[in-house]
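By letter and in written order, the chains are A, B, C and D; residue numbering begins at 1 in each of them.
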Amino acid sequence: MSSTLAVGVAGATGYAGQELLRLAARHPSVTVTAAMGSGSAEGVRRLPALARIWDGDVTPLSLDRLAAETRAVFLTLPDAVAAEVGPDLVARGVRVFDLSGTFRLRDAAERRHWYPATPDMDEPVVYGLTEHCREALPDARLVACPGCYPTAALLALRPLRDAGLLDDGGDVIIDAKSGISGAGKKPTERTHFSECHGSVAAYGVLAHRHGAEIEQELGRPVTFTPHLVPLDRGILETIYVRTRPGASAAQVADTLEQAYADAPFVRLTGDALPEIKHVTHTNLCDIGWKLDAASRRLVLVACLDNLVKGAAGQAIQNLNVAFGLGEATGLS
Amino acid sequence: MSSTLAVGVAGATGYAGQELLRLAARHPSVTVTAAMGSGSAEGVRRLPALARIWDGDVTPLSLDRLAAETRAVFLTLPDAVAAEVGPDLVARGVRVFDLSGTFRLRDAAERRHWYPATPDMDEPVVYGLTEHCREALPDARLVACPGCYPTAALLALRPLRDAGLLDDGGDVIIDAKSGISGAGKKPTERTHFSECHGSVAAYGVLAHRHGAEIEQELGRPVTFTPHLVPLDRGILETIYVRTRPGASAAQVADTLEQAYADAPFVRLTGDALPEIKHVTHTNLCDIGWKLDAASRRLVLVACLDNLVKGAAGQAIQNLNVAFGLGEATGLS
Amino acid sequence: MSSTLAVGVAGATGYAGQELLRLAARHPSVTVTAAMGSGSAEGVRRLPALARIWDGDVTPLSLDRLAAETRAVFLTLPDAVAAEVGPDLVARGVRVFDLSGTFRLRDAAERRHWYPATPDMDEPVVYGLTEHCREALPDARLVACPGCYPTAALLALRPLRDAGLLDDGGDVIIDAKSGISGAGKKPTERTHFSECHGSVAAYGVLAHRHGAEIEQELGRPVTFTPHLVPLDRGILETIYVRTRPGASAAQVADTLEQAYADAPFVRLTGDALPEIKHVTHTNLCDIGWKLDAASRRLVLVACLDNLVKGAAGQAIQNLNVAFGLGEATGLS
Amino acid sequence: MSSTLAVGVAGATGYAGQELLRLAARHPSVTVTAAMGSGSAEGVRRLPALARIWDGDVTPLSLDRLAAETRAVFLTLPDAVAAEVGPDLVARGVRVFDLSGTFRLRDAAERRHWYPATPDMDEPVVYGLTEHCREALPDARLVACPGCYPTAALLALRPLRDAGLLDDGGDVIIDAKSGISGAGKKPTERTHFSECHGSVAAYGVLAHRHGAEIEQELGRPVTFTPHLVPLDRGILETIYVRTRPGASAAQVADTLEQAYADAPFVRLTGDALPEIKHVTHTNLCDIGWKLDAASRRLVLVACLDNLVKGAAGQAIQNLNVAFGLGEATGLS
């Protein structure tokens, strides 16, 4: 174990935190030296569901211990707690992989609107969509890992935008269907089984902070509408755009294939559209599409497991690249 | 409307309460003159999901108003609240149909153990399993409507026991599978979608108050194990007993058919075993069975909708019989 | 019974057919005098799940018997069978309410493309979206009842288009989420529980015949994408349009409220967006919306039960209006 | 790759077959050199859902190729096909791990009743419940891997029976709740989403071949009742037995703890009863229990993932022990 990387998880009892422990426990180059709750006053807890998989204690949150015992820490904390913990750990020399939304928005006004607790910092933040930030990771000290919605949308759209294949003026509409684990572990009326089962509901329509994040990375306005659908894990996004005049189906396919030729976790399914079932419990993002060349209407479908590629898996993928451990190690 | 029966619902915002409003709204002989919450300090509320079905206000709990404006009241209140409200309303001349467990146990020691808030009363209580108490209902002032578990178990077992077809000494094992709405509307870790979806869990093993209730009505010990299964409405019970030596398959069938020849809501499916899907959103209880005559092993399967025959529907069925309105009125 | 309307159901064993029997059985002004399968060579069948609800026989398809014993017939048959049966029954003086897609498209070229078996006819067809065709129904002999997708989309969009509130040039994008019963009763890999559970999948992207139907009734192109989500009954559509410059939120609300002021089955929920759970097992269509006036982006959400308002319920609603029985009779 | 074990999968397109490929692909000591369908006339197929996980071709069934290219073969074939293929491969020197029921029953009469295609053989068969057959595996040439139902039941009951803690005469009742993937990949009315969703149904009551298998291994009669519950993967069994007079809770706990002290995949949860959710996508079997010492009623609850510990995972666990690869290799 002496040769493995010592990592910590802060916020280890939520869904993403437990998924991190599960993945880290079987990662051959990593050792979890600290798993902590979300506050310093919490008692020590066990995680019976992880018995024989990861058998440690979850201890109260302690920045001193994290600084002393780890070289990298994953934060799966509430936004306001992450806003305080993240910069403090970076200042102590720990590399931070944050899974909250706290550090994702670069524009100060937007950030203050959606994440009022986030401090203004000089520390540069890497927006950690692994496939689009590999070069920046080795030097990163604070990585803001994007969540499930921006990850799927940007993996599908960014290469097409970068290649100039999208119509400049047209709408970008992202209709997302999400499993309930994305709403977090806290019991609410919204997450009650009887309210979700047999139902579908839109939420945050025309006012969702992940829309702002997608707009930042894409450089243009989007209409983003998430829906809760009655399943546990996984999201699927249906994306409606227009291509620029003259763009061909072959160009769309070639652009995406080039973009992800070396990406171990992006599968392009072409016109065999992807389904959530095929990506759950994996770090994969599947992307398919249909183009009606005459009307230039392009429909893309992207899906992934919100707890893996949309959270814990991508965080580990970032750590792998940041520390040179091999991008797919512990994830396949 | 002048010729209809004025009824009230106390506890109208829970799952059973809303189902009562839904059913009462289309009942041709009943008018809901009061729908109230569970406390006197609650504000007035609307139920948007019932718009165009039942459009009234849910007002704070007021026994004075219930006494003044109704002839009968359905209580879908927490046990301890029902324990106080029920006898009070009866004393004021209102007939009470209680859906809590408060008044179901006759043995004082058992009742104090499971329902410590229940007062000792002189008022006779009718155990309101309609098919087995029709004669007592017209004179009843306080009806303790059984819940889903005892209703299904007793509809299946009581006629066989009364006919002497069950082995005296053998075990009676009731393995129940219940939808999540049976756990109530309050959000808890137990009812979180992500905890229930894709899972099955036993609870209250060897220690469930509904077991005591079934034992009371059956006059013998039972092993009762409820499980939560990932669906919203409906329960199914698989019941394991031995028949007495010499009992034949024909006797079992005849006994059940005679018992329910005139019962509009009990369907006997014989060896085509019933399924929850066929009874949800109805007041039906389906019962099927298989007998291995050589070994005298009898497996009965009974199912019903916990919010209808296991709650609101049976309460209305009781009211119908109690007031001579026609047992099936408003329920088919 | 002599004073009730004698109706028949052809195709009574599928999901929509059984829902029709269920609804017709409790309709006070209707008697089902004939329930038939989809072919003349099928044997007589019972429907055990409908015992005590509707206890008749399902007999082989016979046009002679339908002509002799009914005044109106509901067709829930495969498209090609309905194409033959419908005109024949009309010629014999029976009024036909067809639930297939066969007769819905008016443009001959479109119709031949999507429904090659449909004959060219002189018989006028009423497109049976009840709320939009009430005047035409009393004289209709052949009513093509729209399915779930067009019903929800058109109830939301038609009044806004008629009032000139939509931007002329903008895209109309309809992203639909449908329960699996919409895929029909026939077992396929697509409808296998294990393929649907925990998954979401798009289908028919940029090539769905219901898109053609919506375009016909709306008079402009739409992008329509249906998805299968893991629930049984119900659909929800999220609709993305732009309003014309200057259109206000009040105008949108007023237009919809005026359009459905007298509609017993359309509930407008405003910015409290609707959910499938609140409409299943009812004939209701719930419609909500959000408008961002600055960007003129309007998102509408509409949902209904595909087997009721999207099939059997709307067919009965049409029959009610056609025969003057009271639009909501038997449906509330 | 030269140092890894060459294995084949026959029947690779079903649910268990695909799970085998998924597990074998990440097994460090195994290489899949042949993945075949269930018949020799099938065409070559790809498995898009396994892209980037296992990217080979599924070729037609060929015993010659299996004999030439593998040292061990997993059979996930229909019973009658396995009956023919298994002995043939053994005769050619290939070690066979069969996942069908074909070779599980030792009694010739029972076997002929439930598996008429199975030949009478001299070849000894190891009943491959790994935890109970470790010593026999290194020399085994034909391993009949038990399915999900017997695995869970026997892991819970065998140690207690061996220790003499069960009442000799009492009933053993096993009430099983199974996800739908256990019914296989073939679309049937039984596995249609709309038939399963929101429902629970018993099947094979008092007549299930897995009951016979449990009785064989337990040496006493059992009443076994499987139910389909609306989830995809996982089973949970609730087991009702009586302990012998004088047996204590400590004895029950000690016996189970000793039995599985070195078992990497059995977790004993004591009176914190297990849930399916915690074992899916793992090779674990969780076992909990409650004893009412006064009445000697013991309720055990055991659960596992039917496609892993109940199929593919246990088969690999058996292969690991048989070839000395380390019992847990590739499974954690």
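The criterion applied here is as follows: a contact is a pair of C-beta atoms (placed from the backbone, for glycine too) under 8 Å apart; a residue touches a chain by one contact, two chains touch by 3 or more.
Only a predicted model underlies this, so the values are computations on that prediction, with no experimental measurement involved.
Undergrad: Work out the mean Cα position per chain and let me know which chain is farthest from chain B.
TA: A
Undergrad: Contact counts by the stated rule: is the higher one at A-C or A-D?
TA: Most contacts of the two pairs: A-C.
Undergrad: Could you put a whole-Å number on the gap between the CA centroids of chain A and chain C?
TA: 40
Undergrad: Taking each chain's centre as the mean of its CA atoms, how far is chain A from chain D in angstrom?
TA: Chain centroid spacing, chain A to chain D, equals 36 Å.
Undergrad: Quick check: what residues of chain B touch more than one other chain, meaning two or more?
TA: Where chain B meets two or more other chains at a single residue, that happens at 179, 195, 197-198, 230-232, 277.
Undergrad: Which stretch or stretches of chain C touch chain D in the complex?
TA: By the definition above, chain C touches chain D via 15, 179-181, 185, 187-189, 191-198, 230-232.
Undergrad: Mind pulling up the chain C residues that touch chain A in the complex?
TA: 170-171, 173, 175, 177, 179, 195, 197-203, 205-206, 221, 223, 225, 227, 229-234, 236, 238, 240, 242, 273, 275-277, 280, 290, 292, 295, 297, 299, 301, 303
Undergrad: For the complex, give me every residue of chain C touching chain B.
TA: Within the complex, chain C touches chain B at residues 26, 48-49, 51-53, 197-198, 264-265, 267, 269, 272, 277-278, 281-282, 284, 332.
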